[in-house]
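A, B, C, D, E and F are the chain letters, set down in written order, and residue numbers restart from 1 in every chain.
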Amino acid sequence: MAANNPGVPASIDKETAFTLAQSEMEYRVELFNRLVHTCFNKCVDRRYKENELNMGENSCIDRCTAKYWAVNNIVGQMISGGQQRPM
Amino acid sequence: MAANNPGVPASIDKETAFTLAQSEMEYRVELFNRLVHTCFNKCVDRRYKENELNMGENSCIDRCTAKYWAVNNIVGQMISGGQQRPM
Amino acid sequence: MAANNPGVPASIDKETAFTLAQSEMEYRVELFNRLVHTCFNKCVDRRYKENELNMGENSCIDRCTAKYWAVNNIVGQMISGGQQRPM
Amino acid sequence: IENLQLRDSLRMYNSLTERCFNDCVESFTRKSLQKQEETCVTRCVEKYMKHSMRVGMRFAELSQGAATSD
Amino acid sequence: IENLQLRDSLRMYNSLTERCFNDCVESFTRKSLQKQEETCVTRCVEKYMKHSMRVGMRFAELSQGAATSD
Amino acid sequence: IENLQLRDSLRMYNSLTERCFNDCVESFTRKSLQKQEETCVTRCVEKYMKHSMRVGMRFAELSQGAATSD
């Protein structure tokens, strides 16, 4: 998933490189969007009694983000067969 | 969001204009799809005892559509910082 | 939906043909993804007590796939007004 | 634009299948659809298409800024 | 890249509308939003944007491989 | 077509993360994954990939119009 991925042959042409970069970008945008969506569901009180995030919500968000990241790393390792560590 | 948006500089080139128009189109298509999906969930009896929408469902759909539209306007105003009214 | 669709005029140009093929491909990818997602929800025990699918889960998956396919065919026939059988 | 419409109608097709399957199919003791499941799917599709058309009309009115009362 | 960002912000706009509508609007006896529904939507959008920014900061830190303790 | 496959596998990656996270992670009193959460995620991924392959085989059969009995 890294830009300078050692598994990518040196001879790939420009168009392919562009497509790869674009796909990686889309992947990261979607990762971020799903993370935002999921952690909002897990952490934020949806009765909306105030317009500020309180302390409990904020620390939940930090931990949720870290855990989501960790799960994403496990999934990436398993999908790629443990050969390379994605992201 | 409007095609003849006063905030868009006059000097934008054709390609950019095309991309903007396409993005706006995609945005409207998705707005419509989400509206259909959401109001079906809120208004239609999903036991499917008949294949017609009854009167209660129909007026619910009209109101749901109007309210969804209103919420979309509020969100748009807040996202753009209140500077311009989207849509 | 078929590649050699009798409803498609013979004079369509290459670009249109390419777009049609790409749209069909995207449609099939999304059909597959939604099928996987839906049948996982219906058939697999999500407490994850083991890492194998058991016999009950496996036969549920086979039937779920067949039924999903059948529903997709009905929907396709109705959408196209019964004129042609999609897929 | 036409391509967008095509892509969109194929996505609608997929989402309709998923919805009506979820709402109508509950048992997995057989491979074939039961009669009442089929009836349910048919009604689901019909209701959804009628719903979709109605929303489309209201949506068009709102896009044109039609004034409306409660 | 810019196009991706534009497309993405428009998608965020749509998902925010759907979420806040679902969380805040329950009654369909009127066509217009009630006062408390409007307040709810406003807070929902504000909280979501603050949440989104906070996740963005943490996400950037994790992307740079910042070491973190519990 | 290859690009479609790449894009699709990256989307699968994202949806797998979201699903296994939602099914396996419930507590937010710590920043790091607990041992049983990690086990759960591992099993979730394995089951999902096996499930996905099985559906793939059935899907291919149905695409080719294979006759099937209950």
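Everything that follows uses one rule, which is that contacts are C-beta pairs under 8 Å (C-beta built on N, C-alpha and C of every residue); 3 or more make two chains touch, one makes a residue touch a chain.
Every value quoted in this text rests on a predicted model; they were computed, and no experiment measured them.
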Most widely separated chain from chain F, with each centre as the mean of CA atoms: B
Farthest chain relative to chain D (centres taken as mean CA coordinates): A
Where chain A and chain C are represented by their mean Cα positions, the distance between them in whole Å: 28
Euclidean distance of C-alpha centroids - chain C vs chain F, Å: 17
Centre-to-centre distance between chain D and chain A (centres being mean Cα positions), rounded to whole Å: 32
For chain A, residues contacting two or more additional chains: 26, 43, 62, 66
For chain D, residues that touch 2 or more chains besides their own: 11, 15, 24, 30-32, 42, 46, 68
Chain B-touching residues of chain E, taken from the complex the two chains share: 3, 6-7, 9-11, 13-18, 20-22, 24-25, 28-33, 37-38, 41-42, 45-46, 49
In the complex with chain F, residue positions of chain A that touch it: 19-20, 23-24, 26-27, 30-31, 34, 38, 42-43, 59-60, 62-64, 66-68, 70-72, 74-76, 78-79, 86
Touch list for chain D against partner chain B, complex: 1, 4, 8, 11-12, 15, 19, 23-24, 40, 42-44, 46-48, 50-52, 54-56, 58-59, 62-63, 68
Residue ranges of chain C in contact with chain F within the complex: 22, 25-26, 29, 32-33, 35-37, 39-40, 43-44, 46, 48-53, 57-58, 61-62, 65-66, 69, 87
